[in-house]
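Input: structures, listed below.
You will see chain A twice below: alongside chain B first, and alongside chain C after that.
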Partner chain A sequence: MKRITIKRVSAAILSFGLIIVLLAGCGSGSGDPSAPAYRTVDEIKKSGVINIGVFSDKSPFGYVDEYGDYQGYDVYFAYRIGKDLGVDINFVSTEAANRIEYLQTGKVDIILANFTVTPERAEEVDFALPYMNVALGIVSPSDAVIESLDQIGPDDEVIVISGTTAETYLEKNYPEIKLQKYDTYAAAKTAFENRNGVAWANDNTEVIAFAIENEGYVVGIPSLGSQDTIAPAVTKGNESLLYWLNDEIKALGEENFFHKDYEETLLDTYGKDYEDTLVVEGGVVK
Partner chain B sequence: MQSLGIDVLFKGKNFARLLEGLWVAARVSLISSAVSILLGIFMGILMAGKNRIIQGIFRVYLETVRIMPQMVLLFIVYFGTTRVFGWNLSAEYAAVIVFSFWGTAEMGDLVRGALISIPKIQYDSARALGMDEKSVFQYVILPQTVRRLIPLSINLITRIIKTTSLIMMIGMVEVLKVAQQIIEANRRTSPNAAFGVFAVVFLMYFIVCWPIGRAAAYLEKRWAE
Partner chain C sequence: MDMEIIRQYLPLYRDALFLTLRIGWYGVFLALAIGLVCAMIIRFRIPVLRTIVKAYVGLFRNTPLLVQLFFIYFALPKIGIRLSAEFCGSLGLGLLGGAYMSETLRSGLESVAKIQEESAESLGMNRYQAFRFVIFPQAVTYSVPGILANVIFLLKETSVFSTISLMDLMFTAKDLIGMYAKTLECLTLLVIFYLIMLLPVSLLGYVLERRLRHAEFGD
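Showing the complex of A and B:
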């Protein structure tokens, strides 16, 4: 009996050790200077194909239509990048959780998957100039529109989804506002429709889309809190591609490319009113 | 129909895309299962043997695979090998390696279990009839082992098939990912499409797994006679 226990324990320890070695190997490998993980603009042009990581199930930013073609706001920009580089595009379907990994291993050249710029991410990858804004928004019923946070009374409750930026932002900056938290989008939506709260705070793209899809609701506050931006990202250190992208975004600003992009891809979801709230043209955030 | 959102499957090439995705999942899981069964049988026979060192090595291997989530294995093989060795494995190779690595360990343990579950008296009786070691194994032990193994390995294969849904994390677009794409692309026009589309995906998994189960039941019955 005792022998079996010892055997099991030693096997467990050995396996654990093996995993540590494996994981440590992954960690230290990223700093290997001998082989850069990325491809320069010249190398991409020479190969004739650029690998661009996009979402394939985040309509209307990156999705696949019924003919199997990639579409959306991010993808529209990707097509233009391919055209201006004179190369074909290989779209790679990425998930929120593996975007950084894809860049660090050089398996894609650019990530255009609705990537919000944050200081933590900027340590892992290099962000080019932004092409979209994101902020928080607050939607309320059209017969009791909330246009400023002062309108929220001491007994009123605001609906949020747990774990979202809206929750952390309101808790930190407006601790006096009572929050009603729901775990899922569907639960929050039902609660809001049943008027369990006076307003619903979420990413502004989400609340704007909600107000347009559902009659009787108005986004009283379309842009609240810190303005975050969405930008293309390249592998850390890939200056050649980064500078090319920055020049491209500046040049595209002159022809109002991203407004056109919005009108082609986002207009149906967000309407004309929010074009200037969401679009960043020429990399300049106003 | 409208309320279930099954109609979105008939838009454009959606249904063909779903089938394509199913083929990706089936291809990865069937190749991996074949490799796992082959290597697993070898591993199981070695594990059931008397060599302590070999047993120890396989024990470590098995425990490693067991406590490591398949998702972590996929990331290590797909992204990790690029970071450490600079290898650029295709996503499909990486997936087959991971599922075979996992399947072999599990299969090996199943084979080992089936082998040692054969009572000692079977060996003794066979030897008493004057059979040599090779014949004992070939005519007495192996047929009994295989019969015990069938339901267990079918269980493993269906688990591999279902776990292939993780390969979307390394950029492979398999049936579940296609389903998500279809649901999202139609989010505004058919908000309830999720129900219908996932119901169809459920049926597709069933259609893949069911014949395997039937074939196993048939073999089990035939070999029992």
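Showing the complex of A and C:
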């Protein structure tokens, strides 16, 4: 019996060691970094399908409507990209925290999931020209409005979505604020409605839309942190697709495409007032 | 692989390990308690309760933990029942595990030969004594491999806790990847920490199984 126990223990230690060696191995070798994980414009055209990563639960930017079709500001742009490339679109639903991964592993050609441009992200992916402005905002119930971050007590929790700029910003600049993290928009939304946290921090576009669509909520802090932009992202090094996107965005500026996009997809939510604050036309931030 | 990053992330993974273990073990103990009670109800054929137990086992064995957690965490507050995320995690794990444990224990009880009970009674033991001193110890012996498989299964199921905002090992890794995109380092740490958590359980189970064999007799 003793012999068998020793055998078992050594087998376990061995398997543990094996995995570490394996991982260390691929750490140094890094699995042949020269092989590109992306497809060029020509390759995409040849295959006839482009994979575009969008949100499926972030109304009105990227969501699935009652007929099961993708809709929203990002999706409207995605359809145009497909049309101008002359290929079919395969929409890939992403979560905030997956966006970089999906590009790095070649699961999608473009991420069009309301992706805010940040220096950290720009090290991992390549951003094209921007098509929207964004800042952070904080929404809270109207009977307990939070208008300043000082109002958040030591035991209060603020809801954020894992992998968003709101999370990174608060972690970096306000480490003392307790965050309650969710992995999807849908979960965060439900948790906030259930009042699991005192406030919800997210892109201000998102929280403004939430407060407009749901009664009893106020955006106490409409603009927090720096004014950022949202842009399509491609796999690091995919210059062919990046340049094509930049040319596309510039060309679309001529026909005021993104204003039309706004009027088709966002007008119902935000009204006319936000059109010029949100839309970036032709890749030029005013 | 960047060792500096790994060193920086280690405390976060350690916290996640403790959280996972804490919730995991509460869940496992709850599962064992529920499983034992249910198995006994089935064994002694207690009317009404027996039907309830069967319905419970059917419900929780045939729905994913993710759905159960969603229900406990997101749906119950809508009808005024508010529970902390950690409590929901333990409760969900306990209820899921209870259904599995009860089936494992029941099959253990059934594998004890009928002649054991008859012999115990012929020695003058009543039904309770026969169960407590003859049937149950043997049944536990038979069930140990199944129970341990359940324990490991439950500890691994903690990886869906991210949906209810618990920073377990899985969510910590996903969250860090989302923020800093150090995929290789984060996933390596994740595998190592799951092994740190589960390998000792596997080994303990093996030793325990050997030891408990002493309770086996007859046949």
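One rule holds for everything that comes next: the second predicted complex is superposed on the first by the 164 of 286 C-alpha atoms of A that agree within 3 Å, B and C clash if a C-alpha of one lies under 4 Å from a C-alpha of the other, contacts with A are read in each partner's own complex, and residues count from 1 in each chain.
Quick note on the criterion: a contact is a pair of C-beta atoms (placed from the backbone, for glycine too) under 8 Å apart; a residue touches a chain by one contact, two chains touch by 3 or more.
Nothing here was measured: the structure is a model prediction, and the numbers come from that model.
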item: Contacts of A:V49 with chain B and chain C, given as first, second, both or neither; value: neither
item: Chain B versus chain C as contact partner of A:V145, first or second or both or neither; value: neither
item: Which of chain B and chain C A:A37 touches, first, second, both or neither; value: first
item: Contacts of A:V117 with chain B and chain C, given as first, second, both or neither; value: neither
item: Which superposed partner A:T269 touches (first chain B, second chain C, both, neither); value: first
item: Touched partner set for A:Q104, first chain B, second chain C, both or neither; value: both
item: Partner chain in contact with A:V64 - chain B first, chain C second, else both or neither; value: first
item: Intersection of the chain A residues that touch chain B with those that touch chain C; value: 12, 19, 23, 26, 30, 97-98, 101, 104
item: Residue ranges of chain B touching chain A (in the complex, touch as defined); value: 8, 11-14, 17, 56, 59-60, 63-64, 67-68, 75-76, 79-80, 82-86, 88, 168-171, 173, 177-178, 180-185, 187-188
item: Chain C residues touching chain A - in the complex, by the definition given at the top; value: 1, 74, 77-78, 82, 85, 162-165, 167, 171, 174-175, 177-181, 183-184, 188, 191-192, 195, 199, 202-203, 206-207, 210
item: For the chain A and chain C complex, residues of the former touching the latter; value: 1, 5, 8-9, 12, 16, 19-20, 23-24, 26-28, 30, 96-98, 100-101, 104, 120-121, 123-124, 162-163, 167-168, 171, 180-184, 187, 190-191, 194-196
item: Sites on chain A touched by chain B in the complex; value: 7, 11-12, 14-15, 18-19, 22-23, 25-26, 29-30, 32, 35, 37, 53, 56-59, 63-68, 71, 92-95, 97-98, 101-102, 104-107, 213, 268-269
